[in-house]
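Chain nomenclature is as follows: A, B, C and D, assigned in order of appearance, with residue numbering initiated at 1 for each chain independently.
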């Protein structure tokens, strides 16, 4: 009964790179269709956490359960099929093909060689494409080669690609880094908009942005959870202040 | 009284002169007898010549051996000939008077074949046992061991008394024992054979073998001989193991030399330089050219050509970097194509400048011949090259680790952006790094000119191996290149005795392919940015 | 909106027609088809002409080879410095069949063994020569052997995430290994001399004008086929996926693509195409020997593609043809220094035309555009 | 693009009609000027050019001037075939002088037979071939290998090392020698060591020290080397370095001539042998004249002459003589005229073309001197007739070559009484 409430359970996971413990027996649960923000100083283990969840980095010990599946059993692309999507810090889209094609290849269909060769686009897929390209409001740029997009647009396109995957858990790393005010605003709207029917983990430095999202916050420090709670409680938390002021 | 003395004196002089003249006369006759196609006759007259134990007869034998003794067809005059680029400068054999230049057609060379050559060597050896340098003497002793007999034994005994040099005495004793083992009395023989036990010199081993296989010889001699022989064979086995390792090391050092420049251009600048082999080739030609400029002193020319090659190829490297590579940074695969085109050009250019034929690069004295460590025989040029390689390698390491240039170079390797933001002029570093790598290729070329042919194709034989070494060791990691080179070299040589040259090479290649599967970034992969994608 | 709809409703069939959307491809194929009808007739009716056709045939084989390389390098970003391996293997498979067809007409008149085996005192035919008497078996092998090798090799390499330069170098190691192996006389493939002295193919005299014409037609046809196959692949969704793998492999993985499998499949397809090219090449030049496995030759293939324009299928074809035509002409016009010309061209193109001759075309277009 | 292709296609077809007017006699030269074989073949190209020039100075041939057509097959065997075709069909040459390696010859053979061309092949080779369209002016195995072995045996050699590069010429030669040593000289098989190395093998340490060990064990030993071109320099250097003297273990080579020796310092190698049909040191007026011409032509008095050059000289003179005799350059007429034709060779004798398309030549054995030249220490009294099919291999012993009637074929099987192989009428 616990399981079906929590979509992701990280159970005292440890990862160390030659001696240095990036994650130090870290544990946390995340409920279904909840948006959560992870903050923490550099080296707190934010990126590593995402790496282990997406199977990019192998775990030394501990377990991670996603929808009750032990993720250590799955390879990267299999984990994706389970429904975890990841957005990198720097926008990683396929620069040399059009916006539309980027979304197409993100489309959640059978992803074997043959099916990619033979299957054509179905009506419902097409509608979905159009719907999402609207949500990330790039529809008038859909035939543009992706590398010609602005930084913000690239970020949205990548988010759009995650949406195409219909993943239940999105890991989003610093979405607004280097964005203009307006872009930041748009982005937060976009996230809140898509957060309705899926779980999202946002990793971000920009406090104002997180505040604007106003969601539960997890503070990481030295590879373990320092505390979690809403913005106000975090702001008042002494440890957090120490960590951030570096005392 | 005075008169009488004078008279005697005159007679003395006369007889003496007569004696000498007589000698020279029959020496001349014997030499003229050598003017025949029949080598058996030649042998006879050479025996006769060697019986005249004068300096002139020794000179005769030597000049026959060196192919300097000629006879003028017209007047049957005996001549010494110095051939300096196809010009025949002739001298009177008896009074060394220079007689100018003569046409080849007018002269007749006194030809010898291997049989005569070995006879001559032996005769000269005997004469040289008493005269000549220590080295000559030792060589002479080994000649004696081959076909020693009682008469040589006498000479050796004399020498044993008056020689001081330790090594010389050692070898003399060997020779003595080897002869006694053949001709001595039973007790002497056993004694001698005991002393020969464990010696790995081929001739001595053969003597022991022949004794063992001897039907009529007494049992206890045979027994002793078998013991000694077994000891020797054991040592030979041991030596062979050491030898194989040595071969491996020297092959490794050649690979390292060829690869080290590539490791730098490839690892640091991230340029796949297909013309690297041609840079090596240019280095070798530098050695050739320098030797043309100072033909008199070979050692000097080799020493000089090392910096010359380094600077020249380095300069070529700068040109390549400025004209081609500069435009292609961040596109390593394109550099591969451009430099491939370049390698074609360089090859053909060299071909049209120096002709497609191989060029002679002479080896200095200290790089030829063999060094004997106990029974072990190691070739000098290989020893020199191994040492040279190590020196070069450590200099390179020093430059990378201890100098500003090296520091900046490593900075650029690991994080170009960071480096440039720290105010390092990465463009410049790239240029000098490339030049440095090219220069090293040139140095390698000089070394290779000592063991292989200096021709337009020199480079091609090494480029692939160099790539294998660098990739195997891990791009951008000099130490990896070091281990890679010696690892592959040793592996190749340890396999060769069992499977042969070709198959061992195939195995090595397959090994690399498999190995890369387990360490996709080579033996020692570099953290951070590496020449990749 | 509707436009989008139709544009994206691409079925397999429409794919084929779509390729005629790319003008140059259209031209190429038209030329090839015309040549199929024109050249053999010309060839038979010009009595002096005995080699132009097989020369052109040879170019087409090289074009197919270049095409196969462009498929993996231009699109999936996999640079193989050892594609000659598959070309050569395909060639050897065909060569072996042709050797068997000689039968007892070898110089020793031995019905059992090829000549080179006779004078190396082979008692009996080695097992790996069995079956090559049948053309079908041989042509099956032409596809299987290179395909299988490529599959195993790439499965190993991509499976353990060998990428970039490292992959290129081990492909080079592969081709170099094959060269050394085939050079060995006791390896059973004729050593340095390779396989030669062919007599017939499918019972027809191999040097008759008709056969030559037929071989040309086959080559042209295979080239068209190869082009279509590649075109279908890259104009389908896979085209984008391959580009994705080339530019951002991690992203593709996080999109749920098993990029390894994609790479293996595409690499194998490319190898098979190369093998077929080799098989067509051998009967037209009349010899196959380990020289085809020399690493330098494999690099040359890369140069053709780069010259013609990496990432444009027709570019590869044009590149292969241009370089080899240059080779054929220069080797007789200026035998002494032609290689220097060739080298210069390589350098200039790589520096100034990053997309090869296709850039040239674009430049010309722009030039006329200004007028 | 389309335009370009159109132009290219047409030009190729028109090429065929360019060279129809023939006011000169065309001599094709098919030698690699680039790639690995350039080192050996470039010299032969120059030789032919020199001969053509000389012939033109002497008033040409049949009142026409000779014109040399040089192509570069770039050490690429299929390209050899292509270039041969081009020479014969596009350039319409009347004769071709060319090829060095066996594989290049094998690759052009079908072309010459199909188009009925005429090829003069100047290099010593493994035999086992006699094509209607090829004249082999180099040595056959019985004109090089076997006399050399006889000579060494006479010098008291009891153990033999057969070292060669792994390709067809050494394989065949060694096979012939092996059976010759065993059957004729009665050498036991454990007194024979056979070793093969890849092309351009550069690290000889192991092999040379093996040879040393094999050779120092009592019996007099000799090495018969069929090591090819580039690999020789490192091999000989290693010999010198490991102190193998010619008196201890003589090495007799079949592919090492003056030109190979000019590539390095021979002083450590004095006394090692080579067997050829010509040495630069041969004492004859014609030879001196030839050397003078050559040095004048090549403008470099360091350059040497070698056996394949002589082969081209003989071949060229024979062809000229045959053309004059036939009164035309028609291939069939010339071929008929070639049989029994004789010209002076450079060593003071005469070379005769036999009906098996091989020459009668003297066999010389020379010892390497410090100046990179050979001293001739032995030579056959008269000429030796080149034998296309060796008598020491069971399969080829049964085959003879004779291109005159009644046999009229290159490989006539005595047992079955019929011809096999592609090259019979």
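Simple rule for what comes next: a contact is a pair of C-beta atoms (placed from the backbone, for glycine too) under 8 Å apart; a residue touches a chain by one contact, two chains touch by 3 or more.
This is a predicted model, so every value here is computed, not measured.
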Pair joined by more contacting C-beta pairs (C-D or A-C): C-D
Computed distance of Cα centres, chain D from chain C, in Å: 35
Whole-Å separation of chain centres (CA-atom averages), chain A against chain C: 44
Centre-of-Cα separation between chain D and chain B, whole angstrom: 31
Length of the line joining the C-alpha centres of chain A and chain B, rounded to whole Å: 67
Sites on chain C at which at least two other chains make contact: 180, 183-184, 336, 339
Contacts with 2+ other chains: residues of chain D: 33-34, 166, 196, 198
Interchain contacts (touch definition) - all pairs: A-C, B-C, B-D, C-D
In the complex, chain D residues that touch chain C: 1-2, 5-6, 8-9, 12-13, 15-17, 33-34, 69-74, 76-79, 81-83, 85-86, 89-91, 101-103, 106-107, 109-111, 114-115, 128-129, 166-168, 171-172, 175, 196, 198-199, 393, 395-396, 399, 411, 413, 416, 418, 420-422
Chain A partner contacts - residues on chain C that touch it in the complex: 1, 4-5, 8-12, 232-233, 236-238, 240-241, 243-244, 247-248, 250-259, 261-262, 265
In the complex with chain C, residue positions of chain A that touch it: 54, 56, 75-77, 80-81, 85-86, 88, 92-97, 100-101, 104-106, 108, 111-113, 116-118, 120-121, 126, 130, 142, 161, 165
Residue ranges of chain C in contact with chain D within the complex: 24, 27-28, 31, 35, 42, 46, 48-52, 55-56, 58, 104-110, 116, 118-121, 180, 183-185, 191-194, 196-199, 207, 285-287, 289, 291, 314, 318, 321, 325, 327-328, 331-332, 335-336, 338-339, 361
Contact set on chain D toward chain B in their complex: 33-34, 36, 38-39, 42-43, 155, 166, 195-198, 200-203, 205-207, 209-210, 212-213, 216-218, 230, 233-234, 237-238, 240-243, 246-247, 250, 259-260, 262-265, 268, 270-271, 283, 288, 300-302, 367, 369-371, 375-378
